[in-house]
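Next up: some structures, all given as structure tokens.
One chain, chain A, links the two complexes that follow: it is found with chain B in the first and with chain C in the second.
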Partner chain A sequence: MMTRTELTLLVPEIIVVAVAAAILLVSVVSKRDNRWLTLMLGIAGALAAGAFSLQYLDIDPTPIFSGQLTIDRFTVFLRLVFLLVAVATLVLTVDQLERIPFAEFAATVLFSTVGMMLLAGATDLIMIFIAVELMAIPVYVLTAFTRFRRISTEAAIKYFTLGAFATAVLAYGMAWTYGLTGQTGLKAIAESLPAIVDAPDIEVLLALGLVLVGMAFKVAVVPFHVWSPDAYDGAPTPVSAFMSVGPKIGAMAMLVRMVGMAFEPVSANIQVLLYVLAAASIIGGNIWAVQQTNIKRMLAYSSIAHSGYMLAGIAAATVAGTGDRPFYTLLYYGVAYALMNIGAFAVVFVMERRTDSVEISAFRGLAQTSWMPAVMMTIFMLSLLGMPPLAGFFGKLFIIQALVGADLGWLAVVLVVGSVVSAYYYLRVVVYMFMRNPEEGADAAPFRISDSMASVIFAAGIGSLAVGIFSNWLFEIARDSVLLASF
Partner chain B sequence: MTDQIVAFTYLSIVASVAGLATILVRSPVHSALSLVVVVFHVAGMFVLLGNGFLAAVQVIVYAGAIVVLFLFTMMLLDLRRHETERTVHRRQIWLAIPIAVLLFAEVAWIAISKPEISENLKGAFPPQTIDELGGSAQALATVMFTDYLLPFEVASVLLLAAAIGAMVLARNPDEESLASPPDMIEDAAGTDGSSDQPEGELSETPATHG
Partner chain C sequence: MSIPLNAYLLVGAILFSLGTLGVLMRRSVLIVFISIELMLQGVNLTFAAYGAFLEDMAGSMFVVISLTVAAAEAAVGLAILVALGRRVTEFYVDRLDTLRW
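For the complex of A and B:
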């Protein structure tokens, strides 16, 4: 039965839903798209929800609503990450994309954020399913928000169709899991699985495999990635930033709960599948990224490679005797990835507004005209590549340590080789910015970037540096988040 | 018992034939009407299984709402033009048939060779528990409003988000430019004059570099 304590623990999500509804109401009452008011409401809501979450940072794992959600530090940590991602997306869009209705945009972003926040804590198949949908459906809509561009509509249709297909596969896998165990709670599933499984049983493999394939679609892992370059390319760039980070980390969090809680007794059965998916993503993502001339598509393939790195972390967790270490390296990696990827897309957005082009060649000689975005883009590219002392370096380092600790040296080698290949396409952007002259006839005058865009870029850049330099500090928080969690 | 077998035989034969008709008939309207027949007969099977509530939901939601929605969509989109769709989707058949066979084999395999799985499917609500609670509707309500209260509530947020998304996507673009601030109307008028379909990248502001 519902109690006051349970409701109190759910306050952050309630606040975000209420703010989304308030934004919609205000836009109806004021008749006019008052963008700054909407933004202020959104930020205030995110701050309040974040402050409420922080109060429960040291909470013992508390299952609420009959175990539908578990509030632990893992949940709190990820809630904060998702709120940050949402705020960055709203700030990036507020004075851009004049033709879209911003109130609806903000509300849709916030609804998706609620889905992610719930997904971070969901410990029941039903809750997980609803949260995944609440996370995904608004993102399909966001992709189509600039539907006066044909490419945007096309991207949304592709994303929606494949996303719905993935949902069906996921639901099918969940149905198998329920059919085998008669349980929907992750803990209860873990308790009843050993009684059913004696060997690598084909039913368990099928249930796990279908759930994994469904999630592989959502996080865009090779070979389930085909939608993602088109979706990232066609979506408005702030939305590309949002969907390359939020749903990806959300789905990874769900996978951590599934592998760490429900399927722990049988996780050895899916090891091989995880290895193959991770290695294929790292190799495929990096090789395809090299061939791109459109920077949004390049970042899409790069984020496929990063999904592979994160999946390698989850694969390490399935090896017996590794403990929880791989999980907290993943949390650290999630924060690092969020900062550098949002930053990179923000700079791409600036260039798109400036030159109407998302080709990498548009970055030629950027350092000569405007040094600020060039320097910031360099930070993001080097961080994505994994240069010390930036966030991306420590993210990869921690995952490699976890892989070596799990006796998966070969996967660590794949990861390193993949990173070496990625140097080509990340550094190409830097070379274009600093060592090439602007194209003939291009506007060479320095240009002003709007304050809101600049603040997102600066915050992400400083964040990428700080998370790298103070990596121990964040790593310890991430470690405690996992150690205090319920798996 | 024999009554039940007779009823089940009738329901399953008609449901199967109507199901085949749904995918084989040429006209989409006939296809949708066959689907109504399928839905009604599946509802009858739920009654046979002693679950009147699911039968009612099946009729109200599927026959009442979803098929009517299908028919409305067909009417509004005038789908008669697309009656030759099957020739367009010829290649999918080679993928669809093996998958259908595979799924059927899977269900048959579970039903025949793995009785212990079907036992598990009864879960926390075997028939006697449902009887104690006073029927399937009560049992469903008890679960939905206690253990699964949160997903039930979150589903309403999901529906709200989807409704808003549908409205944003379905709204007439001209209304959007009217709803935006006055200075934007001028811009929109400017681009509307130059081209009917502004498909270029972010072409809401006229490109005036250099």
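For the complex of A and C:
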């Protein structure tokens, strides 16, 4: 039975859907392109949804709609992160990309955000399937949004093909999980798994393997990453920022729910696969990133490496006796990663608007012509690299602590070595900006950045600093979110 | 005489495998899309068969939802293909090489 309480707990999602629909209606009714009105509607909706979520920051885990969704602190925490990501994307785009209809863009971003918010709370295979598709399908559309550019549509085709393929693999794994356990709820699956897993036969391995491979595609870890550099490169830059953060954290949340709830009794069987995927992503992502000359592709490979770091955290949670500690390091890491990656893509977008180039060489001598973006980009690069006291440092530190606590010292070593390699390509950007002269014939006049872009960059920069300096404060919230959640 | 569960599962597995092979081996983007649909039909058959075998509604529910989602997905995929069709005239996977790693 659907009750009033259940609907109340779902109000944030309902608000976001209503706002997205309202934006579309306004754009149809009024003839003009009301970009700023659209943005205000979007921000107001996100604020209202965020305020409603904040009310339930202390909620005890509440299953709603017969266990399809579970609203707990984990859900509320991630809802706020996703709303923030959506607002940053809208603000970044509002007075840029003049040739696209902004209202449709905003509505598509909001629909995808609803998918992520639902995915954060989904605790049933059916709901997970719907939410993951609601998250992914709008992002295929967003990738192709600048449809007058060939690389945009080409990237969308590649993203779509591999994304749909991954969905089919994931769904087939779900079919077998359902068939073997007779359950779709994650908790119920966990209860019936031990009975059948004693003799690990081919069917159980098939079910678990297919689900994990499908999810590995969605979070883009080596060797299931090939779509992501092309998708990030071809997509309009604000969309690259959005999809490198939102769907990635959303898919990580799904992985946490699956590994932490449904597959907990069999975690010993899947942990080797998780170790291998994490180590391969850290190594592969960093090595390929070194070879890139295009900064969007470099950031794509860097985000593959960061997926590896996060997956290492999940892998640590599968070791018996670690408790849920690795999961809350992951929430902290998600916030840190969102701030620094959106900031980095925002600066790349500024440079792309100015020089029409996304090559790393376009950053030559940036500090001489315009110091503000150069300083901000330095913060983001150092944070991604993991320099104290920035957010990225504490993210990596907490994950390393979790790995050591789980007796996975070798994986911690891989993580550290990977970070050392990553210093090469992150610092190269900084060296280009501060220690090289601008290219011959380049436009050396200082340039103005639009207020909306500057505000996103500043907010992300200050956020990266603050999340680092006040890391204990956020870490405690993240810890409560996981310890008092329903895992 | 009723058809045993394993027969359904086998057909489902064959559909899924054929779809996977199609995605991995065919050059035409349209055939790749059709192959993905084939994979999803394998999934649906498996879900429906298990649902009937377990006498549980969830399997059939998943099939209905999965069909809806697949329709939305196909619509988006074909729309992207139409947008690309204004730039290129041949839909072959190995011609889509503007972006490469």
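Note that the second predicted complex is superposed on the first by the 484 of 487 C-alpha atoms of A that agree within 3 Å, B and C clash if a C-alpha of one lies under 4 Å from a C-alpha of the other, contacts with A are read in each partner's own complex, and residues count from 1 in each chain.
Just so it is clear, a residue touches a chain if its C-beta (ideal position, glycine included) is under 8 Å from a C-beta of that chain, and two chains touch if they have at least 3 such contacts.
Computed from a prediction, not measured in an experiment: that's the story for all the values here.
Asks: With the two structures laid over each other on chain A, which partner does A:Glu352 touch: chain B (first), chain C (second), both, or neither?
Replies: The answer is first: A:Glu352 touches chain B but not chain C.
Asks: Give one of first, second, both or neither to describe whether A:Phe111 is in contact with chain B, with chain C, with both, or with none.
Replies: In the superposition, A:Phe111 touches chain B alone.
Asks: Going by the contact rule stated at the top, is it chain B or chain C that touches a larger number of residues on chain A?
Replies: Here the partner covering more residues of chain A is B.
Asks: Tell me the contact category for A:Ala131 with respect to chain B and chain C: first, second, both or neither.
Replies: first
Asks: Considering only the touch criterion stated at the top, classify A:Val141 as touching first (chain B), second (chain C), both, or neither.
Replies: both
Asks: Go through the superposed model and pick first if A:Asp451 touches only chain B, second if only chain C, both, or neither.
Replies: Touch partners of A:Asp451: none, neither chain B nor chain C.
Asks: Between chain B (first) and chain C (second), which, if any, makes contact with A:Ala164: first, second, both or neither?
Replies: After superposition on chain A, A:Ala164 lies in contact with chain C alone.
Asks: Taking the superposition as given, does A:Glu439 touch the first partner, chain B, the second, chain C, both, or neither?
Replies: neither
Asks: A:Arg150 in the overlay: touching chain B, chain C, both, or neither? Say first, second, both or neither.
Replies: both
Asks: Look at A:Asp58 in the shared chain and tell me whether it touches chain B only, chain C only, both, or neither; answer first, second, both or neither.
Replies: neither
Asks: Quick check on my understanding: which residues of chain A belong to both its chain B contact set and its chain C contact set?
Replies: 126, 129-130, 133, 137, 140-141, 144, 147, 150-151, 178-179, 182-183.
Asks: Where on chain A does chain B make contact in their complex?
Replies: Contact set of chain A toward chain B: 1-2, 10, 17, 21, 24, 31-33, 64-66, 68-69, 97-101, 104, 107-108, 111-112, 114-115, 118, 124, 126-127, 129-131, 133-134, 137-138, 140-141, 144-151, 178-183, 203, 352-353, 355-358, 441, 443.
Asks: Going by the contact rule set out above, which residues of chain C touch chain A in the complex?
Replies: Within the complex, chain C touches chain A at residues 9, 12, 16, 19, 23, 29, 32-33, 36, 39-40, 42-43, 46-47, 49-50, 53-54, 56, 58-59, 61-62, 65-66, 69, 72-73, 76-77, 79-81, 83-84, 86-88, 96, 98-101.
Asks: Flag every residue of chain B that touches chain A in the complex, lowest number first.
Replies: Listed in rising order, the residues of chain B that touch chain A are 110, 114, 117, 120-124, 146-151, 154-155, 157-158, 160-162, 164-165, 167-169, 173, 176-177, 179-181, 184, 187-188, 197-205, 207, 209-210.
Asks: Contact residues on chain A for chain C in the complex?
Replies: Touching chain C from chain A are residues 125-126, 129-130, 133, 137, 140-141, 144, 147, 150-151, 153-158, 160-161, 164-165, 167-169, 171-172, 174-176, 178-179, 182-184, 226, 229-230, 233-234, 288, 297.
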